[in-house]
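When the chains are written out, they are named A, B, C and D in that same order, and each has its own residue count from 1.
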Amino acid sequence: MSHAPAKPAVHMGLPLPNSKLGMWLFLGTEIMFFTAFIGTYIVLYFGSPGWPTDNNITHLKIWAGGTNTFVLLASSYFVVVAHEAMAAKNYKKAWNFLALTMTLAFLFLGIKGIEYKGKFDHHILPGQIPETSLQAIRQVEGKLEGYVNETTDRLVPGDDPVHIKLLNVSTEAGETKDPDKKRQLDDLGLITAEFNRFRAEVSANTLELEEAQQRIENLHHLAVVKLKDGREITGAYFPEEPPKDAHAGHGEAEGEAKHAHRRETGDVSLHRPEVAKETRLILESNSNTAEDGSVQVSHQWVVLSPGDVEEVHHVGEGVEHIHIQSVIPYGNLFASMYFLMTGFHAIHVLVGMTLFVFPLLRGSRLDASWADWVENSGLYWHFVDLVWIFLFPLLYIVPGNI
Amino acid sequence: MKWFWCLFFAFWPILGIAVCLVAPGYGWWFPGPAASPLGQRIDDLFYMILIITTLTFIGTQIGLAYVLFTGARRTDPDVQEKAWFSHGSHELEVIWSVAPAFILLFIALYQLDVWADYRVKDLFPHEKMEGLLSEGLHQKRDEHDNMHLAEVTARQFEWRIRYPGFDEDGNLLPLEREPQPTDLYDVNDLHLPASAPVMIMLKSQDVQHSFFLPELRVKQDAVPGLVIPVWFEATKKGEYALTCAELCGWGHYKMKARLVAESDEEFLEYLRELHRKQFFDGVVEAESEEDEDE
Amino acid sequence: MSEISHDTGSHAHDDTHHYVNYFLIFIALCICTGISVLFDVFKGGIPKSALVFGVMAVAVAKALFVMTYFMHLKFEGAWKFIILAPTAILAVGLMIALAPDMAMHYYTNDAPQVKWVGGEHAEEVAETEHSEHSEHQHEHGGH
Amino acid sequence: MSSATTTAPESGHGHHHHNPEDRLALLKQIWMFSTDHKVIGIQFLVTTLLMLMVGGALALGVRWQLAFPWENMPFFGLLFPTEGGQISPEAYTMLFTMHATVMIFLVIIPVLAGAFGNFLIPLMIGADDMAFPILNALSYWFMWPAIFCFGASFFFGGGPGNGWTSYPVLSAVPEAAPGSGFAQFFWLMGVTLVGVSSMMGSVNYMTTIINMRAPGMTLFRMPLTIWGMFITAILQAFALPVLTAAGFMLVSDRMLGTCFFIPSGMVINNADPTVGGGQPLLWQHLFWFYSHPAVYIMLLPAMGMVSDMLACCCRKPIFGYKPMVYSMAAIAGLGFIVWGHHMFTSGMNPALGMTFMISTVMIALPSAVKVFNWIGTIWGGRPEFNTVFLNCVAFVSMFIVGGLSGIFMAAVPVDIYIHDTYFIVAHFHYVLFGATLFGVFGAVHFWFPKMFGRRMDETLGKWHFFLTFIGFNGTFFPMHLLGVAGMPRRYADPYLHPYLENLLPMNQFMTICACLMGFAQFILLFNFAYSLFKGQKAGMNPWLANGLEWVAPSPPGHGNFAAVPTVYRGPYEYSAPERDDDHWLQTEPPKSSPVPEPPKPEPTPDSAPVGEDTGSSS
């Protein structure tokens, strides 16, 4: 206010300091800001026929949300105590409680960080979640292509475009003196061949999601196996007992049907035969050039005993990080909303923390002139708390129940 | 000088009304009378509002001119009159609040049914459309089939049109939501019967567009992700402009297409022609190319 | 904000309000949080609508606690209604106005995943999702 | 400076301390980080007047293309030497997008709230400055990053070619408008920064108006300008955050892969099908939730200022002060619930359309009440036909046209036809240019003496008005006819369509008028610069007006008033019969009690009169 403190308040208006009135008005605008987000979330939720609600799929951790609610509530309480202490002129106490608030704010962000990390680890990120099987397959195709291109660029020097370089991979491998590099180039050649076959089937649209999944798994196990008898077999190599069938839930009948379907198209590669434990299994691919010049690939499962194997060179290790992602219809929208709302809330937490830094920096010099500051930043902090009070049930508990 | 300004402010509304009166003569008016019954109702509504607003316009401008003239007279050097010390009139406020309120409420309520007929799905002229499909076009129909006659998909920067095809016996099939192998396709050329209301599915393949038939007074945005039914009825046969009315990118102005309203027989013949072209087995290549050139 | 002149005003104001046991409020808030978590734990046993209603009611109760006591609204003048009422009306009104267009589709919603969710794949999706997920876990565990 | 009680109005040249050095010092402050509300107001004014020229130039570019399609464009053509001076369709979309953007975000909103709001609010309510001076200065300086962002968006490829409404999916997927990659990002950042600026301003204005009024300045003694500014601030504070939020969502759709507005399965420009599940209509709702009230943000302060100027020019109290206030509040309140009328053809739910239609039609009512009250104010007045008055009458007259044409598009069935045609363009130019800018021109002439201590030149002012008025009506009145003829907006070349071919001569006529109008603005700039130094010196109260700002020196010093003024009556007591003078300053104590009564203490919150407008504006 403009007048000297000695004068009576001559201005018209509310019995509030300007700063507090301004803060309340500002909070009004903030309410509208979050209304836009929360309203968007609610209407998009109802407007989407299948919002992902299974916390196992979305990697929402209710304990994290609940703990964070508690943390924020406690920090809100500490701010109030700090404000009371300021009013009671107990500045030491006020400082201590502000510091406690600050600590809890850090704790909040830490827990939030753990949650975010879970999402990043499982690629629950906006724009990265396939929502139909086709998208899932296309996405993995893109990732494989990215891997092939990147590796090619790394291994084959020069300014040529990648597709030219790819043609030169085998030549390079023949020319190079460095055995290490030769092996890398050979590996690349094998992976590229597998990838090209995969891609051809994707563009021909003959690949179902689970088949694609098997393909990728085979690719992960791609290896060059040298046998004791001197033979060298290249293919998907499964050294242990056959991994448990990922699609056990589908029942025999369906599996049979698929089998039949594949046999029709002349591909028997996808379903591993049942073999005893401790047996090695490798899928051998032979390509023959037919009369009309087209390359025909046939696949055959080879069963080996451990004693047959002399040396195994794992080729697929390089692409083991590439998986087909879970199909989550409306997962991108979920991820977008989640990160938007929690992200902007986190930004507000940071702003609130910044507000508390100033009185904290005063240390023992904290005095009555900071009372308004503490009160107003306290109001702001309570608002941050309020937002979270609504975000917690809306994001963590309600979905799937309405 | 003040008289000049008084005349200045009085003159321009007169000029404005004069321009509006002569404009239709120069073709600066509607692109022809509305060519659809709904369009005629829209035009009627337009003229009704035009009359109300013109009367209000004339009234307020006369009022403004009057107060300016009397004000100017009061400032003459020989009239040393003070301004009228008045803070307003309660009666006048009530009158000029309540009277416009009734007029506005009337306008608001009067037009509701036109809007409802145009957009509310239950009020679409289903029976007439059904009649056209089963009797006019001899389409074999189940009860569950929808009544769309074409699907219009907007894309940058053209209109793609999908019609239902014919079965083996040469009967017109209903249009399915999903594309069928029998479907017929065309671009920027929408043919529809003129004898009864017809309905299309409006879709967008990329961004938002707007399906605008100026002569029929039809406009509906094609919203990405939505399938919007649009119905209209051309009262007479002929060609009508079809344009895009929602900014859709740099080529927005280029989305020029036409609607051809024709008789049922001509429409069927057009579809048969499309069918012949599309399922031409390619034996006589030269001939088919000529066809396309036409 | 830190002008000294404000102090007289705000302190005078502070002195007028009553003593509040903030710790009790804090405990009440914690209990509320516990209740909403319990709602989630006993998901199966409660009707869904009751669960949503309950959880949101708890949230509103918590919000009211924070606003009335922590934000001192209980002790403020009538201006609080003037600032908060329009905000509340607008906030709720915006959502209500959005609902007919966004939440209920008057026109057909046309998107690939609609077919995937609502159509032939509906059951399959649920299953594959689950199995993919477990496989996912497995793979990650394996490394 | 003596206290308000002894302030005698001075005519013509005053005696006090404004010499050229003072003004130079004031001008120098413009370039510095000043927290004085007057300097900030002038900073805003100068900036927006410059931006007005930029926006006008862009509009002339649009007009050129419509009149002489694909012919070499003067000046702008230099930017496209490879095409031989022709502009490309992409450039055309950028021209109209940036024209709207500059005019709305950098001219009209900041000139009203920023320039006049800043300059007038503390002066008119008798405060020494804004409640938060530093925040105030920041709100100005946030304009510059915004201007920078808008400027930067010019230099990236095709520029932001999505219209100022920036509808997704066009604006959300970079492939949809090739070349707009970073341009659209910068454009959205610019809008966000302008939003931050407005937000800071609005919180500041509300606090100032609520809490810093001089003693005796009750809410219903406030000038209508202040009411306009106050209601505008409320609109801004509660509507703008929604746009800011939506803007963030759109930016993240473009840059971060989210999908709030992008439905899945769209094949855009042969790119991969989109992934997502968002809804493009959502943006339209959120955008118009702000941008429709924004129309009133661009109008209400001008309504207030015109009311003040009309009363002063006519030497007559405002006709129906309270109805004026209530109708402003009603406009604001209804303004929040009419946004859907921008979406009647957008595929919205028909039931929602009906609701929005009724509220839209009803918003014409308070506007009508205001028009009648303005005419009532002139009625029986003793107007002097100076530049200020002419501009104000033009405001009323043009607003009538803009308001009446609004009824056509409020009627949904009619709107089906005229939506997105030039009828709409005509309508909002009549409201935003015809009404608001004429109001602003009047206000510039009216408060220029208070800002700089000198009057603006009358002859130049009248010429500017005359040419602008003619040019304006010549440009925009025919647009109604174009709209009725069905010419859609934003067409780079409408004559491609046979049914629009005969509109070419009319478009050429309009372009010529637009050039005339553009030329007239140089007169304003010249008059502004010339009068700054050579204008006739003005005293404290050159217009013999009643408001508090006229008891401060011209230009007011730091702190505005020598002593806190006390207010005894409303600002419109002109020509009171019991007085010899035809004006009666708000600070002049009543004759019956020569000794000023001690100021009333603050009203209790329960009687807080703010309620009347905030409550109804919800």
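In this text, a contact is a pair of C-beta atoms (placed from the backbone, for glycine too) under 8 Å apart; a residue touches a chain by one contact, two chains touch by 3 or more.
Computed from a predicted structure; not experimentally measured.
When chain centres are set by their Cα atoms, the one at the greatest distance from chain C is B. Central chain by Cα centroid: D, whose mean Cα position is closest to the mean of all protein Cα atoms. Chain A and chain B have centres, each the mean of its CA atoms, that are 47 Å apart. Per-chain Cα centroids separate chain A from chain C by 25 Å. Centre-to-centre separation between chain B and chain D, using Cα means, comes to 32 Å.
Spacing of chain C relative to chain D, judged by their CA centroids, is 38 angstrom. Within chain A, the positions touching two or more other chains are listed as 1, 3, 9, 14-16, 18-19, 25, 28, 32, 35-36, 40, 43-44, 47, 131, 135, 329-330. Each of residues 77, 79, 83, 86-87, 90, 94, 98, 101-102, 104-107, 109-113 in chain C touches at least two other chains.
Multi-chain contact residues of chain B, defined as those touching 2 or more other chains: 223, 225-226, 228.
Each chain pair that touches appears in this list: A-C, A-D, B-C, B-D, C-D.
The touching residues of chain B, when paired with chain C in their complex, are 121, 177, 203, 223, 225-229.
Per the touch definition, chain C reaches chain B in the complex via residues 105-111.
On the side of chain D, the complex with chain A involves touching residues 127-129, 131-132, 199, 202-204, 206-208, 210-218, 237-242, 244-246, 248-249, 252, 256-260, 264, 272, 275-279, 282, 286, 564, 599-603, 605, 608.
Chain B meets chain D in the complex at residues 1-2, 5, 8-9, 12-13, 16, 19-20, 23, 26-31, 39, 41-42, 45-46, 49-50, 52-53, 56-57, 60-61, 63-64, 66-68, 70-72, 74-75, 81-89, 92-93, 96-97, 100-101, 104-105, 107-109, 111-112, 114-116, 118-120, 155-156, 204-208, 210, 212, 214-215, 217-221, 223-226, 228, 241, 243-254, 256. Chain A makes touch with chain D in their complex at residues 1-3, 8-16, 18-19, 21-22, 25-26, 28-30, 32-37, 40, 43-44, 47-48, 125-131, 135, 138, 329-330, 332-333, 335-337, 339-340, 344.
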